[in-house]
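Heads up, the thing below is written out as structure tokens.
When the chains are written out, they are named A, B, C and D in that same order, and each has its own residue count from 1.
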Amino acid sequence: MRLELQPSLEPNDYPFAHTLRVRFAETDAMGIVHHSRYLPYLEEARVEYLRHLGHPYHELRAEGVELAVLEVFVQYRQPLRFDEQVEVRLRLGSASRTSFQMAYLLTVAGEVRATAVTVHGSVTSAGRPTRLPPWLASLHRPAS
Amino acid sequence: MRLELQPSLEPNDYPFAHTLRVRFAETDAMGIVHHSRYLPYLEEARVEYLRHLGHPYHELRAEGVELAVLEVFVQYRQPLRFDEQVEVRLRLGSASRTSFQMAYLLTVAGEVRATAVTVHGSVTSAGRPTRLPPWLASLHRPAS
Amino acid sequence: MRLELQPSLEPNDYPFAHTLRVRFAETDAMGIVHHSRYLPYLEEARVEYLRHLGHPYHELRAEGVELAVLEVFVQYRQPLRFDEQVEVRLRLGSASRTSFQMAYLLTVAGEVRATAVTVHGSVTSAGRPTRLPPWLASLHRPAS
Amino acid sequence: MRLELQPSLEPNDYPFAHTLRVRFAETDAMGIVHHSRYLPYLEEARVEYLRHLGHPYHELRAEGVELAVLEVFVQYRQPLRFDEQVEVRLRLGSASRTSFQMAYLLTVAGEVRATAVTVHGSVTSAGRPTRLPPWLASLHRPAS
């Protein structure tokens, strides 16, 4: 699967948004959010998206399916700072039999701070690739 | 078990020392190591101590024994900063049938930065208390 | 200042509660929340408490006052798990001219998971002790 | 600057290697290192590389230069597990007046676990782009 490198900067291109607030523990000595701390933000938004779709992640795990992270690409455009409220928008990108990708737009008060793409593979709890759950595979609708 | 609140400030009271270096990712917007980041330092030192004793932690886990953290007490005396080399000294404190405690002294170039105490319980992988491994229970020698 | 070692297990003893949800990134290979990850939970609750009191933490920082963490004590009573909603209750304990302490009760669906105490000192941005802001010093009301 | 998407899988293509050991705190409930935890590994290797070159990062910071992370791309090929010793190899990729990129290869006992690319910009402590230090700009030698 080819990672899509250019997530849209247009909020309306994303069907789902999750808001979170930057913790002090997530900042670093440059006074901004450490770049590694964006990945749990994306993850939290994915988890909320699955819940919103009626398929909470812990149910997937209870069924023995994990969504392993295969690739991550983040572009840090403007720093995030302590206590800011971050809107993490996301949309499902292309999907194959066993994997899919998601694009993300992170904004604060409408200002773009970062974009990202993650690629995920459906694996058994033993780590072997397995088919995506049907409801997840069917989510993908190509941009028309 | 009663947590020992006053770990010694005397390096020679500790039989084992492990050195690590502060990562940039561990600092916060105050320009110092975030207080939560000390706990993985203590853990890393414990893991190295077990290896030094000839009982690496992954062997314990392979035998179905986990050392759950029951209590943590840290006194932050002087900040730690990016790139400093931290000596984490530790000693086993009192031990019971299923739990033990450890005391820690953190120094940089001989200067005390923090002290800590952790209390651990031996549990099965399902989380139930179980006896300490005999070699661990026998390690404890009361201060003479 | 003496750390109070026994935070109450009674929710009504705490005037403020903040709810957060466990992230997957906060779990460890024991399948539970890593013990170091509780400290940012306490911090997030403190930040929300200050906001609730009308004195958001970033305003304190803008005035050149930081609330350094001097001591932390956590008792882990039952594990926290991925996706659980955690209520972090807190109350201000005793306060001196330059420091104060807070007690915490962490519950999930009314079940106690952990208690904690933190001790904080008011410091300048250069790290020197300074008087607590008057509104903060006046918050303390001894248990009657 | 275009991110190089295909870091070499050949260890000899990298002039520098840094070894670190996986902490328990870095694992997650899938029993493997959480994907966000790779980024501090890359950072630690960069910091050691700068030290190896005779230009420790804290000196850069003391001169008012920060190396902001602009982009990160990680491919997770095989999981990392608790206590494994990870070799992080890196090489400087292309450099412009104010930015440069680095490629990484992560192996355990010769087995490839991940590859990564990071793009960095030289910024003042106020966050404005500034020229790369001359010694850093001169490091880049295009593959011949």
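In this section, contacts are C-beta pairs under 8 Å (C-beta built on N, C-alpha and C of every residue); 3 or more make two chains touch, one makes a residue touch a chain.
For clarity, every value in this text was computed on a predicted model and none was experimentally measured.
Of the two chain pairs examined here, A-C and C-D, it is A-C that is joined by more C-beta pairs in contact. Taking each chain's centre as the mean of its C-alpha atoms, the one that lies farthest from the centre of subunit D is C.
Inter-chain spacing, taken between the CA centroids of subunit A and subunit C, is 29 Å. Per-chain CA centroids place subunit B at a distance of 23 Å from subunit C.
Put simply, the C-alpha centre of subunit C and that of subunit D have 35 angstrom between them. Along subunit A, residues 24-25, 36, 39-40, 43, 82 each make contact with two or more other chains. Under the stated contact rule, the graph of chain-to-chain touches is complete, every pair of chains being in contact. Residues of subunit A that touch subunit C in their complex: 23-26, 39-40, 43-44, 47, 56-58, 61, 82-83.
Residues of subunit B touching subunit C in their complex: 3, 5, 30, 35-37, 39-40, 43, 66, 68-76, 79, 127.
Only residues 24-25, 27-29, 31-32, 34, 36, 82 of subunit A touch subunit B when the two sit together in their complex.
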